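Heads up, the next two complexes both have chain A, just with different partners, chain B and then chain C.
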Partner chain A sequence: MTANSNSNQKVKAAVFKFTCCAGCQFALLHFFDQQVETLELLDFVYFKMARRKELDEPYELAFIEGGVSAPEHIEQLKAIRKQAKTLVAFGACAAHGGVPAIKDWQTEIDVEERAYPDPLLVSSMKVSPVDEFVKVDHYLRGCPIDEVEFMEMIRSIAADKRPYVREHPVCLECKLKNNICILLMREGVQESMCLGPVTRGGCRVVCTSNMRACFGCRGPMSNPNIAEMVRTFKGKGFSGKDIEMRFTEYAGLSAEFREGARAYYERKAPYYKRKAA
Partner chain B sequence: MKEKRRITSGKPLEKQIKVDYLARTEGEAGVYALVSDSEVKELKFNIWEPARFFEGFLVGRMYYEVHDLVSRICGICPISHMTTALRALEKATGVMISEQTRIVRHILAQSQIASSHIIHLYMLAAPDYMGYDSIIPVISEHPDIFKRYYRMKTAVNKLSTLIGGRALHTMSVLFGKFTRVPSRKSFLEVADDLKAIKDDALETVRFVSRLPIPEFYSENIYVSLKGKDFYPINEGRLASTSGLDVSEDEYRAHFTEQQLPYTNSKYSALNGKDSFMVGALARINQNFDLLSDDAKAIAAEVGFSVPNHNPYLNNLAQAIEIVNGIDDCINLIDAFYPQKEEPAFSIREGEGGAITEAPRGLLYHSYRVSKDGVIEKADIVTPTAHNASNVEKDLNLLLPTISHLGVEEITMRCEELIRAYDPCFSCSVH
Partner chain C sequence: MVKSTPRALKLENLNILIDAVSQKYRTYGPVAKDGENAWEEVKADGELSLGCAATMLPAKHILQPVRLDLYSFKSSGGFQIEEPGFDEKIALFGVSPCDVNAILALDRVFGGRFVDPYYWQRRENALIVASNCTESAEESFCTSWDTGPELYSDYDLLITELADGYLLEVGSQRGKVVVNGLNLPGATQEDLKEKASRLDAARAATKKRLPVPPDDLHQLFEERYDHPIWVPNAEVCFSCGNCTFSCPTCFCFDIRDEVKPSRKEGVRNLEWDSCQLLEFAEVAHHANFRRLRIDRFKHRTIHKLSWMKQQYGLTGCVGCGRCVRWCPSWPVRRGRITSLADPVEIIADMLEPPEKVEGVERPGGVIV
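After this line comes the complex of A and B, so read on.
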């Protein structure tokens, strides 16, 4: 589609949900009324949370929310990829596996048995990000996605332009906002363990602006210095366990955060193994 | 949706109701029913939402991050999961929170309940009754209704954002405290916004009461928290209309869960056998006297009285709760003078459970924490898991009474009933 033809033609979009909390689609419902103009660039032909309508027409733009956690998801994803001209990983779960991917750090069957008396009745496997199985064109990161970034992306896609990809860390936006640095100023684990120096920006630093340390929900920036981040945390007296937890909350499957978690993880068996030994 | 009629010699007409993926609900579920004359041959309420095993992977995590992680069970009621987990963990580790933290958590929870109800009523439930497949046509065809919806949602989200940092997945909430508490001035500003939408809230009750909501009688056991001096949100006694009245610590002695082969949500039962209903209707049925005066007055105006046994009217109960929630927040803010506090605490090992009222009803979390603060056991039961069995019960009751209608209409009625429960399938399969 060219930039000229879309002035009177909406982009047909479909929203698909996999393994996640549905918070990102819900965020989209929130934007509906505030961003009517931008959203008018789209025609949601399939969006189950908002509309009672089956998938019965073609679409060009697919939003994938959630990670992949069951064998049937893979086939569904591949079919979506075939149809969609543009595929967007929508939120931390789709981009990095998100919170549900925490279970990948433990033995699958142990985790399943704690939750269900008979895990065999439940179809499930390790959680993976969407790009493990299909090519992703654009990423909307964060848990949940950021409104401004979302609108920006819609306008870019509708105009057939490449959306702006942020390579910088959260720290940069934090400095521009003149926030007090939590990592330097505050004490105690939850208060000061800020992942901002290695996390990709674009969230308008909602957390640090509310006195909350960044917990890395947008995943790693380009070329983060993970080793230095771990050294800083250790220097501040955080335990290996604390460091492992921080790196594995929202984007633990990314190679970079995995490295951070492993700084501790490899030397010591994780909790559940120690307990059994 | 497929229509299939089978006529075989001597056998009555069979109708098959099949919805693979219910629209305008949170998460993924379907319903399948086979009705013959006035007999339900087969019924399956299938929640196929993928399992995420929160109770499994929380083991081994640290106590201070659990509330953030469990808030990702649900994108609509994250604050409820957060608050319930925190209360359970604080109880398990012997940490006392300040009165101020308690009040702010209450206001935050009320703002989320109002927001969730507003979205459910206008975006998810009402389009059925107005003859639309979504809210999008409402924007142009009924701008007044849409604008009312928009004003209300903006105001309550402003309150959530003021306290929580943002309306969805708040980040100012910590174990034992808040990162910061807003000033009295900013609270009062939002209180003005709430006062400004009070009429909209009353109008919402009238609007919902005028929707063509079906007459349907189903006498349920209602389970909710029961308040003493105020409408229960984050604390109260665990009570049912069948006579249960115990402390939240006794939850597990009365409520059990069962796994079924055709659904990923576990089904809850009271005393090993009974299905029951939780949510706004259950809360109002048990706590009507504790509603604000204006909420009671508007209930009387639209002819809503308790006990009420029409599950479709859970929608109306939600609308009345919005009025109550706004009043509650305005009053609490009025009397609230934030103090600067720097709470310090140490944790001990232990186990503890807590119950709160999420927008969709009773929510239970329980944890065991080691002396190092590591989670050793997690147990979570959500409103939709509590309701699942009752939804099936109600469908079983409803289907024979409407089996003479066409398949499309029966399907719609079933969907409306399920949507009236305001189910959250993501929650139920956590």
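After this line comes the complex of A and C, so read on.
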């Protein structure tokens, strides 16, 4: 995966879509307009949303958008992994299952009966993130992906170095932007259910800057304190169902958020007591 | 800095002074934002929101921006470095006494053994218009450190709100130049008396106090470094870094190079960092000096309250109460809901006899 400036060779890239809304691809189209550098660094040999061309030449870099939700996806994914030198999980669905993975928390046939006249017509399965089946080299998280992070990623891939992706919480960026704290300020309302302290940042806090609570679309940060997040929500008076839904909304398949969704039912929040004096 | 030689003046309204300052300086001050105060550029008095309520971020982000391009580099026929430089003059208008003391602490950090030119290019010409606090905020405990509500020295100009206007004191030559052309009347003895009585009232209104004298803190933390109460405290810590970013004396930053794909040019930039984040103390081979949450929690607390004094001679906590306000974790201690990061509560925790803490294992035995 080396494309030196001397050879002036672009990286051949392909974009594949699995179970998702294709919004991240759409965001990528938008970057073409905003960031000319995207097209200077990458040569898209397969990108259904942008060009009619079928996949007929080799590629080095694969962007996988969306989660895996059908048996045939697994074969396709393995074939892509074999071809691509670098595989990037592209967006929340590929990284953590995303919104489609909400159905993982319900019985499969109930979901299918709601959508199809006959469940026997579809061979659908639980949605999984890409890294359940193949090795993922890099992750571009978020719903949709962030422009700055994407540029850093492709610049790094073109220069053959490790991309700089911080694993800090959303809180960090909120503070640096001088935003007020939604979790603390908007007491007792649904909008104050902010997952900022446990969610990975890098989104340039678009939601919290506009007074919307963090939905946790980028998944858990490094070493998040999920138990305390659950306790905080509980202390603010949210029900177990609210907490479960908030944790499973975008990244419920990550081990940490899964813990948050279940923590409410399984154990008491970690209050601590002292002996009376 | 010049030791203050008070030359007291009377000011009818702040606009006169803001106009005078903003003619010579790019002026920043606390401005109301979403129900809180934030440091932003100011032009007129109507926008300014003075008073004891601490701003969300302290004024340090004007002296050292949260993100800053230090220089760009290029290697085409030799290695070249280009610095953007900084030739503007900054004025900080309405800095509260605790924040002035915090800036003095930052001066020691960035101007001690190693001098940080990027900090000093802003700090060197900065005009500090301090503002004494005539009211007290719930979270503040500045009287315990003697960092407020009154400022005694190290200001260029100092304003104190009075019933009919403001008392303006000049503390340096730089401040004198600003007010020279304004033809302000001198303050009377009554004005000075009113200032003293107002500040005494503010002092009396500051109910929150450290449970031990500041000089004893070093010994307390040395003796009780392994106190079992650290464990439940660390258990409810998010490690989100809110306490450190909002702290006026926190100074840590990260430096990295943004290299263009050509590998021939790039930019070196600075970004604030926090000791509360897992990656902060990570070195090669993913070794980490403070992998456990409890180690990071201890580090921040003891560094603020004791080690910074040992290292730089000035207190690392000025009692502004920002960490108390912005900590998202609110555990129950002593039957009350408290802020986890609250130094007063943490010291009260340390004073409890270790054998009285129930249900926690000794640190090292449990991974928090």
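Convention: the second predicted complex is superposed on the first by the 252 of 277 C-alpha atoms of A that agree within 3 Å, B and C clash if a C-alpha of one lies under 4 Å from a C-alpha of the other, contacts with A are read in each partner's own complex, and residues count from 1 in each chain.
Simple rule for what comes next: a contact is a pair of C-beta atoms (placed from the backbone, for glycine too) under 8 Å apart; a residue touches a chain by one contact, two chains touch by 3 or more.
Remember, it's a predicted structure, so these values are computed and weren't measured experimentally.
Once the two complexes are overlaid on the shared chain, A:223 sits against chain C while remaining clear of chain B.
Of the two partner chains, chain B is the only one that A:207 touches; chain C does not reach it. When the two complexes are superposed, the chain touching more residues of chain A, out of chain B and chain C, is B. In the overlay built on the shared chain, the residue A:32 is in contact with chain B alone; chain C does not reach it. Of the two partner chains placed around the shared chain by superposition, chain B is the only one that A:110 touches, whereas chain C remains out of contact.
Once both structures are placed on chain A, chain A residues 211, 270-272 are touched by chain B and, in the other complex, by chain C.
Taken together, the chain A residues at the contact with chain B in this complex read 17-27, 29-30, 32-33, 36, 44, 47-54, 66, 69-70, 73, 98-100, 102-103, 105-106, 110-118, 121-124, 143-144, 189-191, 206-207, 209-212, 215, 241-242, 245, 249, 270-272. Those residues of chain B that touch chain A in the complex are listed here as 1, 21-28, 50-57, 59-62, 64-65, 68-69, 72-76, 78, 119, 123-124, 127-128, 133-136, 139, 146, 149-150, 153, 157, 165-169, 171-172, 174-175, 179-180, 259, 261, 264, 266, 372, 374, 378, 415, 426.
Of all residues in chain A, only 3-5, 41, 155, 158-159, 161, 164, 166-169, 171-172, 175-176, 178-181, 183-185, 196-198, 211, 222-225, 227-229, 231-232, 235, 270-275, 277 touch chain C in the complex they form.
Chain contact summary for the complex, chain C toward chain A: residues 33-36, 38-39, 56-57, 61, 66-67, 232, 235-242, 245-246, 256, 259-264, 272, 274, 277-279, 293, 325-326, 328-332, 334, 352, 356-360.
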